[in-house]
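These notes are about the structure you will find just below.
Chain nomenclature is as follows: A, B, C and D, assigned in order of appearance, with residue numbering initiated at 1 for each chain independently.
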Amino acid sequence: MMIVMQEQATEEQIEEVTQSLAKLGFDVHRSTGALRTVLGAIGGNRTFDQRLVEVMDGVSEVHRITEPYKLASRTFKPERTVVQVGDLRIGGDEVIVMAGPCSAETEEQVGETAAAVKKAGASVLRGGAFKPRSSPYSFQGLGEDGLKMLRGAADDQQMKLVSEVMDISQIELVGKYSDILQVGARNMQNYTLLRELGRTKKPILLKRGISATIEEWLLSAEYILAGGNSDVILCERGIRTFETYTRNTMDISAIPVVHKLSHLPIVADPSHGIGIRDKVAPMARASLAAGADALIIEVHCNPDQAMSDGAQSLYPDQFDRLMGELRIIAPAIGRSICRESLHGKALLR
Amino acid sequence: MMIVMQEQATEEQIEEVTQSLAKLGFDVHRSTGALRTVLGAIGGNRTFDQRLVEVMDGVSEVHRITEPYKLASRTFKPERTVVQVGDLRIGGDEVIVMAGPCSAETEEQVGETAAAVKKAGASVLRGGAFKPRSSPYSFQGLGEDGLKMLRGAADDQQMKLVSEVMDISQIELVGKYSDILQVGARNMQNYTLLRELGRTKKPILLKRGISATIEEWLLSAEYILAGGNSDVILCERGIRTFETYTRNTMDISAIPVVHKLSHLPIVADPSHGIGIRDKVAPMARASLAAGADALIIEVHCNPDQAMSDGAQSLYPDQFDRLMGELRIIAPAIGRSICRESLHGKALLR
Amino acid sequence: MMIVMQEQATEEQIEEVTQSLAKLGFDVHRSTGALRTVLGAIGGNRTFDQRLVEVMDGVSEVHRITEPYKLASRTFKPERTVVQVGDLRIGGDEVIVMAGPCSAETEEQVGETAAAVKKAGASVLRGGAFKPRSSPYSFQGLGEDGLKMLRGAADDQQMKLVSEVMDISQIELVGKYSDILQVGARNMQNYTLLRELGRTKKPILLKRGISATIEEWLLSAEYILAGGNSDVILCERGIRTFETYTRNTMDISAIPVVHKLSHLPIVADPSHGIGIRDKVAPMARASLAAGADALIIEVHCNPDQAMSDGAQSLYPDQFDRLMGELRIIAPAIGRSICRESLHGKALLR
Amino acid sequence: MMIVMQEQATEEQIEEVTQSLAKLGFDVHRSTGALRTVLGAIGGNRTFDQRLVEVMDGVSEVHRITEPYKLASRTFKPERTVVQVGDLRIGGDEVIVMAGPCSAETEEQVGETAAAVKKAGASVLRGGAFKPRSSPYSFQGLGEDGLKMLRGAADDQQMKLVSEVMDISQIELVGKYSDILQVGARNMQNYTLLRELGRTKKPILLKRGISATIEEWLLSAEYILAGGNSDVILCERGIRTFETYTRNTMDISAIPVVHKLSHLPIVADPSHGIGIRDKVAPMARASLAAGADALIIEVHCNPDQAMSDGAQSLYPDQFDRLMGELRIIAPAIGRSICRESLHGKALLR
């Protein structure tokens, strides 16, 4: 922590601040300049509320000098984390594609969509059974019935499954069927949930909150890591901006920034990131070109009849075309699209 | 819903959209202009995803024409709601002041602070026992011990108590001690929690999410109202903007806007709204002048030693001075500060 | 400037950064901690681009330690500036009210509105002759004819006049008629214009840009001050947020923040700040309660026929009622509404 | 325009609104539903201020149904515009790369940088002689001397030149040396400047304002188009968000959105879009993958000594490597990088 004193700060005020910090366990170093004195406080508590110093007499500004997260940082772990889901490696040389419907609706819909995305090259099936909806009157998902449909289709296609958990009361149930547990954007700071997920053994796909900074997102990951679960996959899914033409603004820059700050893999979700079908493919291509470790894309065998998010779901043939474009781009970042996906070779679960 | 067709839309496309909407239960009215055709779709489902129409051929734009919330709206209930907490009336002619520490820390701290704020004119004690913290390494609250301290101090001072509940697993416990249950900003869209609170009998103080629109906030209130609990108090506590000098930007305009759109009372929280002690009083005065039904303010008997939010907590004498200023302002909006508060007369709980 | 080195930074990297900074004229102080080294660089150039250090090997973070503005800061000038406009003092004990139409349209409209606002207590007439409009097809103002109408009405009512200048080519003309030159929000960073206004003798009312931080706003004031014109009045007029119900979000907190950081007076513009008539009065009251030095309010004798901004203009009787409310609030902040305004006593221009 | 009446609106109120709109030149169509009446108003003035209807009695909401811009829209001109700059075609099948230093500093710096970027494949040289800087104490550019250096280097390398114009007083001078005139983000709503540029014959590169919506950006383009200059190139250069780790957030989604709404070509500026060197390449690749018609990139022969923006300027070898990656990606969007650029064949100016 750096404490910049006011130009007119007195020697007594400087001494007072120094003593207070020393009592709190900081080593304090003093730099006296022509106009101002600056104190460097090193050590102390990572979660110290710097505003307590800001309100002291004679203090002009206070700056933090360490990231508030630790386990999630590159400083702590310089090499990239690869999250292993059965044979699949998320964060390795191959880019993984996850695809499927927003919600499980019927066995046919789930089965047909899963077959189509597998054929095109996806290796993880996505789909929700518990849906967080901004209106209490919207479709809220099929619950366990939905999970059964999804698991069945994933098994048929030899795919992995990712599905959302909204509350600690659902962890066990969703964990029974799903290979990866998803935390939605609205729950990114549901700390009770995050803490509990830190105690599970399943990989967690943690979506970024709609107006969260990258630091807050990594702090939420820290809750899971601190609980003992090191398999966290970050997911960029669009942030809120002033633009009204798109549903959200996909923050593509989060991809290289996360790779710089953290060792955790990052997945791009262009479907929620932009929210309207005809822009999903450009944003998916852009995400890959920026270095995403994986993509998660909404595909529906019949989007016009979808019970949720139909307007941002791709038709199977659009998804297939997109996969072809992704294969062209991958070498530009020294990677390939997961070969299992390309060749459709059986994955042992 | 209004569907604006493209200028070059064909008669077939217009017919196709009309038929689809009719099938979905809408009455469709057509306006044919010189350049464009506009369709008005009335009825149908309040939660219909309008993007499904946006992606149809020939469609240029779609606009919703009803608020997506119902029970929370002035259209549904034109007269203002008064939330009764024992003898206290929140939303009536008298403005209610809630005050107290961020967190319960010790019996002395809670007791001393409660006595001070009561003496200055507050009638509800605020204080947390479960704290949502962005870092897993920060102080997380005392739990039930904290609730006991708060209840004890509230009873000693004949005050009501408001305290936060973070998860459905805490509802029963917090409800045992607290008169009003608070939902924090980070949980504004924790729908599992909101739904469960709809089934309780306690008044709910619902904080606005840090980047939530007013519409989203009212939709979250709708979850509680739809569950059968009509005692919802909205709380403005600052939104995120680009300003870095303040912690949040208090959206004072939310006060008159909420009063226009909804019948629910609104409380202003200038402590979180601005986040730094010396600006709390100006923002409290501004909130009252804009028409707030109540204020909730952090006060600590010894802010420099506070375990959380000390930098935004008022000293007791600052709070006392502020109460005097508020009494000058209240008549400008045709109100008074709660007389119980002024005269310190016993409130029967 | 504080340079935080990475934990794994080598001694060579630290030395390299130190030497580079010394060459650039900084005094460098070193603090060596258990985990990290921190360098304090004092002196050097106020406008040095800190990113040049951020990209050096071994550097983790860089923090600026002085405000980038100087003449606008409280550090430079601790006592508050009072801008004198004839007999009027903006920033003194009395709060000044400026009112009038958005644009000058006809002699009758300007004259009637001026008479009404003067009678209610305003002492400065506002009105535009050059209008910045987001569409090239909107009404762009009457130019010099409008200025003549405004000057005439101000003289008739013994009021001062504030009017907008959009470009350096208009400075002389607008300055011929107007007592205060206004810079609109969209021109807050039109540096060519600001630099030229620094060379005039007229007071400048500088509106905050729609997404400007307070620091950027003070830097724009610095351009004017650095040119030799010390009569700058800042004007808060609403910022852009995610809220769609209001046109802008009035940042009331900017009022106490500006008073803390700068000696310059601040005017609140609730008409643009909220953008819809029935919320103007609450926001005007809130601005005063937060400590505004002056208010600027759109009033039109016939808002329904206004050529611009009619929907946010008050009717004369609404403005009169508002003035009464403001007189109740002013004592709460130890001020009064300008007595000339109250008593309508002649102001010598 | 769609006017949604309140549920409780009376027949008189509906009639009043209808009559008012008819007087204003609108054709009004009425849809009477079970709960609400909706009025469709077609025709009238494109720039009509809808808030005037919003404040009428009985009105609940008003929605605009036409874009406020016309000449910039796809509705007006369905086929894409190709801006011709000598032999170069911006918006055609080949993607154009513009590169060069932030500012002209010395003849050597400009010459060396131009040679390097030309060799790597750029066909337009970028560089500033008039610099808009947020601080009055920062380097403000070399003026005409800088323009001469830039023109000289462009001629030597047979490249085109793009340079910024900050004010109407600079148009003639900059136009004398530069092939394309750039309008900076801070001037996007400097309407006096835009109107004047509409009267020139030079292509205009119009940068998006830092918090402008896409609609506002297209309205600014409309000012230029309405003046008679149809050669407008839009430039996405990052928007302001809450993220502090990056300087701006590059809005990659603006690329497909602009292509949907407008016929004008769009250039991506990843250097300003992200603001820090090591993230420029990922954002450049992402922009191309999303469909950008051109890229504009800051390159400096010696970034560590640059007088402005050195930290976001690429080293020549980084730029060269990036060009290789772009050539891999281009076929994924059915395009190629401008062949002149690849083969270095002479361009006749």
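Throughout what follows, contacts are C-beta pairs under 8 Å (C-beta built on N, C-alpha and C of every residue); 3 or more make two chains touch, one makes a residue touch a chain.
Values in this document were obtained by computation on a predicted structure and should not be read as measured data.
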TODO: Tell me which of A-D and A-C has more C-beta pairs in contact.
DONE: A-D
Task: Classification of the subunit B:subunit C interface as same or different, half of numbers criterion - done: same
Open item on the list: Roughly how far is subunit A from subunit B, centre to centre by C-alpha average, rounded to an integer in Å?
Closed with: 28
TODO: Between subunit A and subunit D, tell me the centre distance in angstrom, where each centre is the average of that chain's C-alpha atoms.
DONE: 31
Open item on the list: Rounded to a whole Å, what is the gap between the Cα centroids of subunit A and subunit C?
Closed with: 40
- [ ] Enumerate the residues of subunit A that touch no fewer than two other chains.
- [x] 211, 240, 242, 244, 278
- [ ] In the complex, go through subunit A and note every residue touching subunit B.
- [x] 45-47, 49, 51-52, 54-55, 68-69, 132-139, 166-169, 186-187, 189-193, 195, 210-211, 216, 219-220, 222-223, 226, 240, 247, 275-278, 304, 308-312
TODO: Within their complex, state which residues of subunit B touch subunit C.
DONE: 211, 213-215, 239, 241-246, 249-257, 260-261, 273-274, 278-279, 282-283, 285-291, 325-326, 328-329, 331-333
Task: subunit C residues within the subunit A interface of the complex - done: 2, 4, 6-8, 27, 29, 31, 33-36, 38, 40, 42-43, 60-61, 63, 65-66, 75, 240, 242, 244
